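In this document, chain identifiers A, B and C correspond to the written order of the chains, with residue numbering beginning at 1 in each.
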Amino acid sequence: MNPLFRKYVCIAAVALLLAILPIAASMLGQEYYISLFSRILIYAIAAVSLDLLLGFSGMISLGHAAFVGIGSYVVGIFFYHSAEMEPLLTHPFTVQGSENGLIVIPLAVLVSAIFALVIGALSLRTKGMHFIMITLAFAQMIYYFFVSLEKYGGDDGLSLYARSTLPGLDLGNDLQFYYLCLLLLSLFLLFTTRLVASPFGIVIRGCSNNERRINALGINAYGYKLACFVIAGAGAGLAGALLANQTEYVSPGLMHWTLSGELMVMVLLGGLGTLFGPVLGAAAFLLLEEFLAMYTEHWMLYLGPFLILVVIFAKRGLYGVLVGGGKDHG
Amino acid sequence: MAEMLLEVASLNKSYGAIQATQDLHLNIEKGHIHALIGPNGAGKTTLVNQLTGDIFPDSGRIIYKSCEITRMSDYKRARLGIARSFQITHIFENLTVAENMALAINARNGHSFHFWRNSLKSSIVTANLDNALARVDLGHRARLKASHLSHGEKRQLEVGMALVGNPELLILDEPMAGMGSGGTVELSKLISSLKGSVTILLVEHDMDVVFSLADMVTVLVYGHNILTDSPTNVRTNKEVQAAYLGESVDA
Amino acid sequence: MLLVVEQLLNGLQFGITLFLMSAGLTLVFGIMQVINLAHGSFYMIGAYVGATVTVYTGSFLLGIAAALPASAVCGMVVEIIVLRKLYNREHLDQVLATFGLIMFFNELTRIIWGRQPLFMDVPPWLSGNIELLPGLFYPTYRLAVIGVGILVALVLWLIFSRTRIGMQIRAGASNRDMIGALGVNIKLLYTLVFGMGTALAGLAGVMAGPILAVESGMGESILILTFVVIVIGGIGSIRGAVAGALLVGLVDTMGRAFLPALFRFLFDSATADSAAASLSSMAIYILMAAILVWKPKGLFPAHS
């Protein structure tokens, strides 16, 4: 079969499956799957954003969960202040809390992007192993910052009691929330697919292959990598905002470095540098966690070595198995 | 007196105890193919890296078109019209041939910071892509991943990318390295067809290529310019033969 | 004043634990160019084996004697089975595969030792305090840890400056091509260096046993601090590991001890406490960021 055709068939099949899944689940009385798959869609957004770094621009960030956490805390903190009727900021100007999704979700994306800008600007001064360790260290720094924020629950985090409000929608309804996540994931995939094929996209893909050559062409690679880091951070922030809504709970655990590692695993399982692959990877990882945990509490004992085997022998991931191509974004 | 495109004066660069560039003076005349030769370890690549801004000299001056660029960063020099090909082929193996070229075209025109439009469909790319590929005879390979090209074709692509946007100074760092004789002939033809339209600094081991193409030859030994002269005079110079050509021809 | 000295000693003791972790890891980074996230697992293995043997035999020294070879052997087996396949791979592959190792070892210790943390007692002959200065009593055990750490640092220094293999390793850390040129059996050298590094991690683990709880996942928190040490010191540099470890140990301990008091001069006590708590837990990361902005390759870069 023509690989391009096969790719479209696979994507259409997955999209169709995701579109009818909640309807089927509620008909079968298995509403639980709607919230499980909402979680999968949200992690997929985070994994796709991480794939921009790992698979396309060659920036190995081990601190991506920090931006997920920041996004979720923006939603959490605004909710807290709204519920307590206490202004978030009184000086130099007054900022009130909010539960309005049209305000807090874009704000979560924006704040994550700003953090990514600062962290990226500093981290990108370094390369290779240093970059990996520095992104990890910055994520830890933010983790400990939120652990020590007693006002917002410290280690225990914050409960939200309700989801954000959106005009015309009731996000408290799991079905509506699911379709919002699906819509946002689709939009994010559309954006990232266009992004990697754009003039900007070939520059960042070029950076991953040979940064020096990019500079020799008269392009300042630093700026492009930083922009890419910010875009990925914003995507993770979106995932965080949705995750805070889905679980109605935020905690520093969301930015723990093991979550960064798990996001990497999702990207790898799905297929590096494929954008659609990480969606499959997120689904595979969370479903494995869900179902293997039913049979054995020690499922990590098997996943660990399996991961090593995938790294050493089968780097094309699930996407590669389904579509046949490796790193292909044709 | 002829117009100089590049003037290098009293350039020094050392790595610890090793003096890689030593009080080096060099002038390159506009329009010339200027060859740079010297035994292994003579500091040719170190010099090229200082000209392109990959590394900075310890002291001395580099003047390009009457403007000092000694400490200017690499990408800014590229924007001023200094293009290079690397000793080891530096194309983007993970991109297609067309994408490689589009990248160069966008870079030269400052059109890379676009997120949405397809890179191969912008007007500036469609207007220039076919020509740029045809110039280095790669039109039929456009959709292929660059990693699948033959060694010679990779070189052609690299030179083609360096030529996009019509640079004024093209630095070719051992373009013939690792190529079969067929490829050498092809590439020599390409270089000689550029004569006059672009100034070329050619770093090369293959003496046949150097003496057939160059207008001027500079001989580098231990980071020092021991002679700059016409190919004929360099070939007959006793000192050069002793320092360099003898061993190279015998080898 | 006595409090300052006591906290300095605490910082020194913490720094020395970090040094034991960093010394091996920085060489693995420098020589093999492998990013190994699983180094903390060997610290954990050392702690578990040491605690178990100590409980069974009643002897802390036997515990140490068992922990060192256990973590060394585990390290060498992992090097031979997994890491060797990764030497010529991208950093991303190394990160992912060693992340898989962490999952495996954490779960394995949960199966063998259960989810409850183990607590190790300070051996009787090291319990109690010593009066270092008039009025300054310091726990004997912590002094012993400092002593062992200094001893290990001295032995390492002797190995690296006086022996042939030490010089080869050092040459390798600053210039990888050198080792091959020296005609050394690289595979064997790599395995030995890796085993030595994991043995030191195991030593750090067993010595931390009586101070911290021995539990699954204990390796990760110290691993990240180890990274901070290595990044600050410069990858591949033992000297950098010493400097980075002491700096991180001191800044972290002193920050936690004195920032709250310092902040109370400036703010009201509630603000001061929360600000000091945030700042002291972030202090070493801020230190690292500052050093990197100043010197992107760390204080003592081994690769020029």
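As a convention for this text, a contact is a pair of C-beta atoms (placed from the backbone, for glycine too) under 8 Å apart; a residue touches a chain by one contact, two chains touch by 3 or more.
Note that this is a predicted model, so its numbers are computed, not measured.
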If you tally C-beta contacts across A-C and across A-B, the winner is A-C
If we define chain centres by averaging CA atoms, which chain lands farthest from chain C? Would you check?
B
Per the C-alpha centroid definition, the whole-Å distance linking chain B and chain C comes out as 48
Measuring centre to centre with CA averages, how many angstrom lie between chain A and chain C?
32
Just how far, in Å, is the C-alpha centre of chain B from the one of chain A?
43
Which chain B residues touch at least two other chains?
none
What residues on chain A touch chain C, complex-wise?
54, 60, 62, 122, 125-126, 128-130, 132-134, 136-138, 140-141, 144-145, 147-151, 257-258, 261, 264-265, 268, 272, 298-301, 303-308, 311-312, 315
Chain A residues touching chain B in their complex are 191, 194-195, 197-203, 205-206, 208-210, 212-221, 224, 227, 327
Hey, which residues of chain C end up touching chain A in the complex?
29, 33, 35, 37, 82, 85-86, 89, 91-93, 95-97, 99-108, 110-111, 220, 224, 227-228, 230-231, 235, 274, 277-278, 281-282, 285-286, 288-289, 292-293, 296-298
The answer for chain B against chain A in the complex is residues 52, 54, 73-76, 78-79, 83-84, 86, 90-95, 99, 102-104, 106-108, 111-119, 122, 125, 161
